[in-house]
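Each of the two complexes below includes chain A, the first together with chain B, the second together with chain C.
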Partner chain A sequence: MKRRFPVHILVFLAPAVLIYSIFMIYPLLDSLRFSLFAPVEGGGLRFVGLGNYQTLLNSPQWAPQLWNALSNNFVFFFIHMLVQNPIGLLLAALLSSRLVRSKAVYRALIFTPTVLSVVLVGFIWRMILSPLWGISGDFLNLIGLGSLDQPWLGQESTALVTLALVSVWQNVGIPMMLFLAALIGIPDELLEAARVDGATAWKVFWRIQFPLILPTVGVVAVLTFVGNFNAFDLIYSTQKAIAGPNFSTDIMGTFFFRTFFGFQLQPGNPTMGAAIAGVMLLVILTGVLMYFFGYQRRLQRIEL
Partner chain B sequence: MQRPVATLAAHAVLLSYTALALFPVLLVLFNSVKARLAIFRTPYALPNAETFDLIGYDTVLGSANFPLYFRNSLTVTLVSLALILLVGSMAAFALSEYRFPGNVLLGLYLAVGIMIPIRLGTVSLLRMMVALGLTDTLLALILVYTASGVPLAVFILTQFMSQVPRDLKDAARIDGASEYRVYALVLPLVRPALGTVAVFNMIPIWNDLWFPLILASSEKTKTVVLGAQIFLGQYVNDWNAVLASLTLAVVPVVVLYIVFSRQLIRGLTSGSVK
Partner chain C sequence: MKASRLGSALLAASLVSLSSAQSGSLTIESWRNDDLTIWQETLIPAFNEQYPDIAVTFTPSAPAEYNAALNAKLEAGSAGDLITCRPFDLSLDLFNDGHLESLNDLPGMENFSDVAKVAWSTDDGSETFCVPMASVIHGFIYNADIFNELGLEEPETYEDFLALLQTIREGGAYEPLVMGTADQWEGATMGYQNIGPNYWQGEAGRQALIDGTEGYNTDGFVAAFEALAAWQPYLLNGYEATAYPDAQAFFTLGGGAIYPAGSWDISVFRSPTQGAVFELGAFPPPPPAGQETCYISDHTDIGMGLNAASENKEAARVFLEWMTTPEFAELYANALPGFFPLSDAPVELEDPLAQEFLSWREDCESTIRSSYQILSRGEPNNENQLWNVSARLLNGEISAQEAGDIVQEGLEAWYEPQQGD
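Then we have the complex of A and B:
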């Protein structure tokens, strides 16, 4: 065979590599570079090194906002980890068990909220929870839980948790599907052997199935982390960019958006926005690297 | 049957969760076809002959530019999907088929984008689109979605393509097929994987609010989700119209989901996502 320069390899690779590099990798890097500049009066930009990051961390105008958004974002994330992923696991365990037939129907229906637009999800829950419309009030009075009728989205103390639970409601289908796929992948002989030995379903799950799907537990955790620290749509859709009441639902995504575009009297600040995106990138990278080097590596060692 | 109690309990849990998942959705759906007063007085009642009213849909389809938003969403979603599948499968073919220097490194480079959200590059993307004169065009959205969809597409398709038997491809080559022909031959063999990639990308693209808001918020280029969001702000008191617009905004993606849902679970279970 003649050796020629493999033009075809280039042809196959070029479109994907180019479009990905130009419209994804370059903007990410350029945005980081941009975060090292600040506008000067009269127009133009000047290099300020890590100045924007220092301002973000130290100035009384920015630092409280950053910590507020960051800690809210962690609350948002922990609620997903504590509520969404265990429920996803429970549903997947039930759907993969031999107890239930008609699995496909349940699976499809439970996944439905996940495909909906957040605009609809935000609106419908705001409607259900709104004291004005009273739709939940009537309902709760009906079942004798009238005291639960509160302006959940209007109170500083409850708005963030409520929105996190709405997001859980919408997204529980994702961990469910991933866990289900992993559980289905476990060879039947393995489970059969345990059952023959007289193990209960509970024991089979925790001693055999769960350890075997630990890799998926890690994937779900890291996907949840990345998704949550990149979240924006639901908060924006229900509470607008101002993330009310009194910024109690402000997370990194809304903080970034507000800073970048400005709101009300505050003009947009692209360089500061880029710095916030830089912080988000740092947080997300830390999470992803912890997963790869902490979790996945340890799992591999155990497997060996 | 082995344990009727356990079976019953399992069904009870699944049924109640299904109800929780569907109840809010049905609430929107049913109320969108009810008359204004009925929405407020009896929100939980099914529409009946007396309360049935399509006025919301009339308002939406008549007054607002909803048909246009619809076309925009369809164009952006379908063109982005087609591009993701095309360029993704080409790159995946090269990565799985040929050994060349930098093969592994390039695979890793493309995989980085699976975990890093493209939104973090928004500041720069907007500047770039302004410089290219692409703000308020659908092309801007298509380029962004394609770029962000490529990493997962390449990752999934590479795994599937490397499972296609060598003999098949070599037989074609002996018959004189060019490498491009071989690629065209492999493509139909990984159809399930293409379906999986399509479903994974379709939902977030159709539902995205961030990039339409930032890159293409003009009247001409609004997507249906952004249109519904803005509609919600303007017609806040016209509940019929709001509910109708929300229903319309989700119908296509729900239909596509129903069509593709088997593909989704099949793709997942064949080990494409680990």
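Then we have the complex of A and C:
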């Protein structure tokens, strides 16, 4: 007997598919379609195929801006990977150990900046780092390093790293929470058995806990990647859309914004902006696919 | 009975419409939210003393939304009769699209010089479509208490100016020049466009740039970058990361001696709550030694145009004509110190600092910012590039010649008259 087509599956899937299509897939495809057009003199749009992308990659006006934004974005990302995620892991390890007291207080304090508005965080750090009334100079004087004080956000050599570290300060709570949840999920018997066998805390962490939270390490990495390549708000709130000094803090998000909406006397160019959004999508997609095929598939399932 | 009631109703209705046609009512579109009370309490009552039958309503919208909101209203046919004009291309586009009416034949337009009208004229200057209302002037505002304390005098030449800065720096108690480069536009607007006209001979240089006979990398335009680069040792500590409002606050708190200013800063420094508590003085950008003529940036900023779709053009023209009179100029300038009327009629200002700025028009030649007319239409944007190189020049990242070369290269990339050689 032929089985009836399972209509209920369609019914259950429909709401999610519909909402996702209307609010995610359609705008995404429409934005990509939009990037294939260019404005004509006198108003209106004209189909140019991949012309915008060619201009973006080859023109002496656009290409250096694109590569600058992209490489700044990679610097931004690597600082998060090298600073935010290891610190998040360290904090999670400390908070999951039996030796630390008042864990709830630390957890709440470290997580608080994450829920603050980025505009507020940007403003607070602008104030802290201000050479005129900021406390960063006073603080360095206090520990005898006053001569090291710099206008951190005003120099091409320091602005991007400074902002990346501010972002790390704000967001370190998220990897911490994810790692902590994974660490708490490891059964105590495993750890106790290891200790009975004479393993030090160091060995327990690297030989038992860390391998067991590897899936979370991957998830955190991919979340950081996507988040950083979509980043925009912190740079915009501290350095404005012009991402100064001399575009040294320009990342893909601010580059896109400036192009799409225009800036001061520079008129907006929405179709070129859509092309930049297309490049952002491509970069993020590549990263996420690398994670799926290169990392997640190799993970072994361990039954605990 | 019934019929007569209907008749009287009709009569009443026609009377109402008749009276409204006689008096006329005008609506003004503007982005100047801040000026609402000035219009309601000063300007419109003054106008109604002469023309009591024309009712005028000032309906501003938020500055950031103005351009988009105005365009939408114009398309929909619901925009006001009078339109406050942004300078240059934004208004020129409105005129080219047929939304603004030509005002060439408006009586009173002869009260304005060509430089005053350039922001609201077609590229060839044949059509003018807005009445020039106000400009902003650049110069230097100084803390007179510090000048007295250190026994300093206003500089006559640019060399004097640098020597003055050196004296203040050596004194050690105050920062000589209060300006940051974090927001980038200060370096170009209050730096390059402030002192530059002295080096490129004002309008002559600006026109030569548009004609393509001069470039940003030659003569006066490079000399202006060189003059600007000399500021570097005298800017306040940490200027690279100091934003515009921070510099303003630092100056009003008495931390520095000289503030490279736009005249709009006057209202900030005069503010009863955040203003300066010391005496303020001002001097124009000093010309280099040996140069007789001085030039100032007297930048056209606000105008007023006539909506081509207005149903009340006669009344609107009466109002615009009133705006060309010395009476309006005087009222407006005193209500808004730092925004100066553009008509040729002499105006007395109550604020001595604003009057000082205004008096430079008599001694010096006026010009506008070099990048605003025509040159900021292409990609890369000329104005944005000037911001960028001025900030980098002051931060010590590039030399004056490099700054000129970068901007010139950007201009040559799209502007034909500059591509000739």
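To be clear about the criterion, the second predicted complex is superposed on the first by the 280 of 304 C-alpha atoms of A that agree within 3 Å, B and C clash if a C-alpha of one lies under 4 Å from a C-alpha of the other, contacts with A are read in each partner's own complex, and residues count from 1 in each chain.
In this section, a contact is a pair of C-beta atoms (placed from the backbone, for glycine too) under 8 Å apart; a residue touches a chain by one contact, two chains touch by 3 or more.
Keep in mind it's a predicted model, so treat the numbers as computed, not measured.
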item: Clash or fit, chain B versus chain C on superposed chain A; value: fit
item: Comparing the two partners chain B and chain C, which touches a greater set of residues in chain A; value: B
item: First (chain B), second (chain C), both or neither touched by A:Ala181; value: first
item: Partner chain in contact with A:Phe263 - chain B first, chain C second, else both or neither; value: second
item: First, second, both or neither for A:Ile213, with chain B first and chain C second; value: neither
item: Partner chain(s) touched by A:Ala92 [first = chain B, second = chain C, both, neither]; value: neither
item: First, second, both or neither for A:Leu70, with chain B first and chain C second; value: neither
item: First (chain B), second (chain C), both or neither touched by A:Leu160; value: neither
item: Where the C-alpha centre of chain A sits as vertex, the angle toward chain B and chain C in the overlay (nearest 10 degrees); value: 80
item: Chain B versus chain C as contact partner of A:Gly273, first or second or both or neither; value: first
item: Which superposed partner A:Leu28 touches (first chain B, second chain C, both, neither); value: first
item: Chain C versus chain B - closest C-alpha approach in the superposed model, Å; value: 5
item: Chain B and chain C footprints on chain A, overlapping residues; value: 133
item: Chain A partner contacts - residues on chain C that touch it in the complex; value: 180-185, 236-243, 246, 249-250, 255, 371-372, 376, 379-384, 387-388, 391-392, 395, 397, 413
item: Complex interface listing, chain A residues touching chain C; value: 60-61, 126, 129-133, 151-156, 240, 242, 244-247, 263-266, 269
item: Residue ranges of chain A touching chain B (in the complex, touch as defined); value: 6, 8-9, 11-13, 15-17, 19-20, 22-28, 30-31, 34, 87, 90-91, 94-95, 97-100, 104, 106-121, 123-125, 127-128, 133, 135, 138-139, 169, 177-178, 180-181, 184-185, 201, 215-216, 219, 222, 226, 230, 232-233, 236-237, 253, 256-257, 260-261, 270, 273-274, 277, 280-281, 284-285, 288
item: Chain A contact footprint on chain B (complex, rising order); value: 2-3, 6-7, 10-11, 13-14, 17-18, 20-22, 24-25, 27-28, 40, 43-44, 83, 86-88, 90-91, 93-95, 98, 100, 106, 110, 112-113, 115-125, 127-128, 143-144, 146-148, 150-151, 154, 178-180, 183, 203, 206-210, 213-214, 225, 228-229, 232, 242, 246-247, 249-250, 253-254, 257-258, 261-262, 264-265, 268-269, 271, 273-274
